[in-house]
Structure formats: structure tokens, C-alpha cells
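Working notes, beginning with the structure itself.
Order of writing sets the chain letters: A, B, C and D. Residues in each chain are counted from 1.
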């Protein structure tokens, strides 16, 4: 495996599905939502993507076995909604890798005739936040009104630094292919894995998709995190940013 | 888009134009000048350049939509002066990218029979400066006298560390193609976006091009920055260097 | 040599050998074991691998001559056990290099019909440890029982951060080729070259291979290191992590 | 110029010359010697090498013009000694670049039937040194006796960390091509440009080549540096390592 390798596990038939991307990033917000959806919807894995752009690393699973770091695509089918969900352990470690992987996701989107892409992420503001704000950015102006009706907020030129990584690049590149795409960003401290912010996104996503999803697991994680945050406030001392999966496991 | 992609938006006819490059860099001096010229001259965009050498990032625009990070070429035509202006969000993140993008700019220069290139940048001296000095460097000795007559200063072997990034590389590579090129560097602290230094360059550039440009917008920004600088002097405390666009927006 | 170059020094015949990998890493644990085995078993070098993914560096040998940084494969043959041992000065400095070199190791494994791979490494816990624990991870569940019988411990999702570098990647990629592979990780501080942890791994490996190896050299090193550790405890002051070979020489 | 480009300025005839490499590195020791030799011997430049592996940068020369960062090969011819001298502004910024450029140097060596290569560098010991020690490393044992007779010292496995960069890689790769090569390393603090250490190397090199070279320029620089060192000792305060050319100009 010297090149990025796309392993198709099974071919499914989907009716112009929506695509949802939730890879690790700020506060692991996007990953928490995607993983939660996959579990609750019992989505089935249809694609595995391996790449030398991922860290040279294996993940040790519960049973003591290992597997290569990878990205995955899951499919969910129901009578009125079909979904493709992109999840994974890591984003690319290189700039070119980001472009390459986004192209792969878009090829899959085109193959399945995806009509809209939602990318999910956190928007780190550098301090502990109570808000449940979800910021949006789109690749076509016409999407804004609809998304605002679900509770997404749009602020002029925010995030000022642009959107970095797959969540931004994917909607930008989707525009070049004529696929509607929106990025939903949960406002979060950036210091901690943030299931509360993930829940805020999930609520909005459920409205947008007209979908019902049990949120118990996220609720529990959010409560636990609130206790940690309370303690942190007590201690009033600095914490360091969270960016990799192990922290998810440690805290979650 | 796995490779650098040059999107030609329209073909224009230009009479042996000058090329001006002003990409983000020290004090955003070059970018401020190029963006100001594009706006005041109502130059029209003729080329967009996308590249995996740019950060994997999208820019969120005023209307909430996103676009990929890119470089752009604008054309300006008038009875006695034609210009090609290179502007953009970022320089390459990789060394090879720098070489590749400079080659693309030079191919465009050759296509339009560009007779001279001006690259614009800041020369960071590490402390707040009052001076309006513009340092020059050229790729052919014969250009020095002319530029000195516009007020550009030439100092032996300065900048001692050479000129890093597109502004330096482009005039170096232009020499190999036999195109005259000069780099104009506004002396600046390197700590802050510096519209005052940009104005110093613009004044000289206007003399060199025999061009009149309204400077109000830059003047205003310069005044605002002077207030900030005054405050900084009061506070007499360290500040950190500015290198990316968001800061431009934040301060400007 | 612009590409990774595999120099086959001699072709040997091996009866479905085991492959053991011990390259530099955390606490140099893996390297200590592999180098010790090569010396004690008088294994013969059959392959040298040179690569631009290794640091641009030469090693100065005892006699004042230099040689390029490289990885090596040694062969050991006996009546009831054949081994291929991977050793070397450095791991790849790039992500792609890691993938490329693991593929090379696996090609060699396939060529010789290797039936199982053991990769050896350290598991840094960030504090001085007295324990002789060896953690395991495998690429097929069925291997766990056997390895536990030799004293290897398996802990759910440990190491939580996955296994980084050749030791992890090799067993992950081996799985894709259908070759059984296990990673044995000696628990170590991560601050010091750790011959004691290496000895713990070697003991287990000897059980697994039904092999007898003189451990005197490792024992001596372990005793020396114990003295250093004792001193460190006295001083009760921080030490910095060890990651490159020179330190091996310095301390060992 | 997207690839490394070798510009042959003129073809010369040389009688099995020696090759000397002195690129920037620790204490700029090698560069000082190579530049000094080129000037004193009035060697003529025969090759320029441009590469995207060098920093994307131009050098501003005395007359205010710029040129791309490059490496150069100079030729010196006399009745009893012919030389090829490799000099330049920078070493490669990438690992692959190091390998690529060393191959280019070796191709030139083969073309001119070079019988021996001397690479020159500094050996940083991390503290101010009075000694004039020159350490050696060779790619064939037989060279040691001869070099010791010129005053080069050989110490077992020193430098312990190997020799990093062109000076090491070139003699390592030369060995693969059957060209004798030695690295001469002037012991130096690593904190300062060190003309005194350069002079120590030059003296030995002159013996080895049976060559007479005026050392006045280096002597002057060495005296100036001695004053600086004396001041530093007075101040007894830390200084930071020197690695790029501008510092050469600043101090020299």
C-alpha cells in the first residue's frame, strides 16, 4: 500500500442520498456526531480508505487486535432518507493528502448521486462556552435561508480564519462539482472533547434531515463533560487542546 | 484537484503590460498594495489558481459562502498603461509549491509579453519604525538608477538574509527568462499589518507607473494603525508577528 | 540513490521462518532485542536497505570509516527454527517512507514464506517503572491465547494512542496479506534506553520461539542502567526522552 | 524550474582532480574554507545548480541585484594539482534533496574522473573551544594512515551521532561508487561562525594537497572572532547557534 487505497466492501443502492462528514477535528465535535449517527442508525460500512497520508500507525481494538488507521464510509437506507456517512480515525497529515481524500469522497458522492453534503466540525473560541451555537457556511447562497430555519447561524466572514481541513475543503471542492454543501460548526472551547456541542449539531442535523435519533449516549457524555468542566472552572487553571483520538477514549 | 490548476476566466488583450505581485507576507505590505490597486483601478479578474500547495482551507465570504484558498491574476487596461496584478489569500505552504507557482506567474508574464515585474513585500526590522523607507532589489543592474529616481533605496547586500518567498523567487526566476524585475520592500516592524508602509510603496509605484490612485482607503487604515501603534508604545509590551489573513480582517 | 534501494547480499534457503523486527524506537527496546539476537545467534546479514526516507546521514564506525544509514535483514538457520531479523539505525523520517519500507519487509516475508511476524517495541508510560510487563497486540484474535501463555499481557484498547511506526504498521499491513503478526511492547519510562525492558521481551520471545539465548550482555546493560536509574531517583530530577542511536552508545 | 537544474557554464579538462565540498553547516567551517580556496586560487565557476529543494529565496548581491539560491562547482587547474570545489548558499531543505544533490555532485565527480573527495564541516561540541583539532572520517580504512600523517585525528565512533548533511552523505555515497572520500571536521563550538576552525582544516588540507594558500583573510577573520569570543567569555552568557549565511555577513 504505497498509494491511497479505496476498498469497496459492498455496493449498495441509494436514492440520491445526503452525505455527512464527521472526522476528528476541533473538540472532536464532528467525529462524535458521525460516530453517534452510525451507531444509532446501525449504518453499514461500505468503504474503507487506507492512505500513506494518514499517520503510520495502527489502532488497538477492544479484543487486542490491531487495524490500520483509516477513513470509512457508511450507508444508511430507510423509506424516506438515504445517507452516506464519512467517519474515521484521523485526517490526512499532509496538505496534498487532504486534497486527495476530499476528491475520493467527492467521487463517491458523484457515484451515488449525492444531492447535498453536510460537513461537521467544531469552531474553537479559546475559552469555555455555555452556548449551543452552531455556525454555518455554505457553497451556494441559496442554502442559507433553509439552514437558518433549522437554527444554524451565519455570521459575516466567520470563522475569520476560514475553515481548515476536510470540513472546509470538502464543501469548497463540492462547489466546483456543482454539489450543494454546508459546513455546520459547533462553537466549542477547543480545549476539550465536546459532546455538548456535538449534541447541538445533531439536533439541527435531525431537523434538516427530518430524522429522529436517540441522543442518550451523547447526553450521558455531555453530562460527564459538564462535571469535568465544572471542576476545571473550580481549578481555574489552563488546559491543553485535544486533537487526537486517544483523548476521546481517555475522557469519553 | 490533485494538481495545481490554472482557471482562465477570460482572455484579454494587453499592450506589453507591467506585472505587479502582492501576496500575503511580512506586514501584509504587498497584499495591501495589490488589493488596493485592484479595488481602485477596478481591475478585472482573469485567472484563478488553485493548488494543493495552499493550505487545505476555505475562506468564508461576507455572504456566508465559502471558496477555496487561491491566487488570482487581475488585468487593468487604460490608454497608456496595462497591468497584470497577482493577488491572493496565501503563498504556497511548500518549497516546491513556491517554485511551481512562480513558474505559472512567469508563464502568464510571457504569454502577455510582460516587460517588467514589480514584486511587493515588507522588510521586517523587528521594531516599530517611523520611516517610510522602501528598499529595492533588482534582477538587472541597469534598473537601479531608474528606481532610485522614484525614491527606492538600494543598500549593499540588504536584506542580508535574502528575499524569501514569491517576491524574491519571482524576480530571480524572471531573470532566467530575461524579464526585468524589481522587488520593492517597505520597511516595517514585522509585528503588525502595516498600511503605512504599503502607502510608501504605493507612492513610489505610482511614480514608476506614472499612475494616479486614490489613497484614501490606505490613509484611513494607516491612521487607525497609528493609533494602535501609539497604544502599543504606551503599553510598551511585546506583540507577536502577523502572518495570515484573518489578522488583516481583525485589525483592518 | 534517489529511490529506496534493496541490496540483496545473498540468497538463503529458509524453512517458513519467523520474522522479528527491532528498529530504534521508544527506549530502544526493540533495537536492543534485535541487535542482541543477531549477535548471540550469529545471524548473517542477507539484505541492506538504503532510502532517501532515512536521515541524510552517515554512521561513523569503530575503525573510523563511515557508512550510510540503513536497515538490514539478517537470517538465522538451525535445525528447528529459522529466523529473519530486521534491524537498523533509523526508522523512516517520512510517513510515506514508513509505508514503503513496511511493504519492502512484507515482500521479503512473502518471498521467504514467513509464517509469523513479531515486531518489538517499547511502550512509554512517562515515569520510571520497576515492572517487567510486556504488552501485546495482534492482527488476528486467535494469536492472543498462545501469546498469553508465554506471559504477554493484553489490555483492552491499550496502547490507547495506537502503535506508531514500523512496529504497528507492519502488523497492520501484514494482516492485509494474511500473515499472522504480533507486536510485543515492553513497558518502559520512555526517558531512557531500557535494556531491562528489552530483557523482558527477549525472555518471552525465547519462550515463544522455544529458543535459548545467552542474556549476559543484556543483563550487564540492565545492571548499569539500574545504577543510573537509582542515581536519577536520588537526584529526583527530570530527564529527557531518548530517541536516537548515539544515546545508545553514550549510555550503553 | 520545477526540477533541480544543472547549468554547465563551461567544460574544462582536468587531470584526475580532487573534489572539495564546503557548503554551509555547523560554524560555517566548511563554507569558509571552500570560499577562501575559491578566492585565493582564483578558481573558475563551471557549474551552477538550482533546485526547488533549496529555500525559495534570492540572495541580494553587493550591486543591489538578486540571484537565486544555488550551489556551484568551481575548477582550479595548475601544473601539479587540479581541483573541483563545491560551494553554495544553502544545503537542501529536504531529505530527498540531499540525496539528489549528492548524486549530482557524484555524477560530476565521475565525469571528471575524480580520484578523491574531501568534504569539510564543523563538529559542534556545544562550548567554546581553544583547540585546533580536526576530526576525520573516511569511506575506506586505507585512507586513515595517510590522513593521520597530515594531523587529522580519528576517534572511535566519533562523531557519535554520525555526520549529518552533504558532508556525511557525500562520502557515504561515494563509497558505493568506489571513489575514495574523507570528511574533515573542525572542532568548533557550534555557536559561532568559526574562521579559526576553518583555518585548522585549511592547514591540513594544504598538507594533503601539497598546496600553498595565503591565509591572511582567514587569519583576520579569526582574530576578529577571537575578540568576540573574549567578549563572550567576559559576558559569560549564552549565545544561540548560527546556521544561515546572513549571520556570516553580520559577524564576518
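Everything below uses one rule, namely that a contact is a pair of C-beta atoms (placed from the backbone, for glycine too) under 8 Å apart; a residue touches a chain by one contact, two chains touch by 3 or more.
Note that the structure is predicted; figures quoted are calculated from it, not measured.
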Shortest path length from subunit B to subunit C (each step joins two touching chains): 2
Interface numbering overlap (same over half, different under half) for subunit A and subunit C: different
Size of the rotation, in steps of 5 degrees, that lays the CA trace of subunit B over subunit D: 90
Distance-maximising chain from subunit B - centres being C-alpha averages: C
Subunit C and subunit D: spacing of chain centres that average the CA atoms, whole Å: 37
Approximate Å spacing (C-alpha centroids) for the pair subunit A, subunit D: 52
Overlap residues in subunit D, where contacts from two or more other chains coincide: none
Inter-chain touch pairs (all): A-B, A-C, B-D, C-D
List of subunit A residues in touch with subunit B within their complex: 92, 95-96, 98-100, 102-103, 136-141, 144, 154-166, 168-169, 171-173, 175-176, 183
In the complex, subunit A residues that touch subunit C: 1-2, 52-69, 89, 93-94, 244-246, 249-250
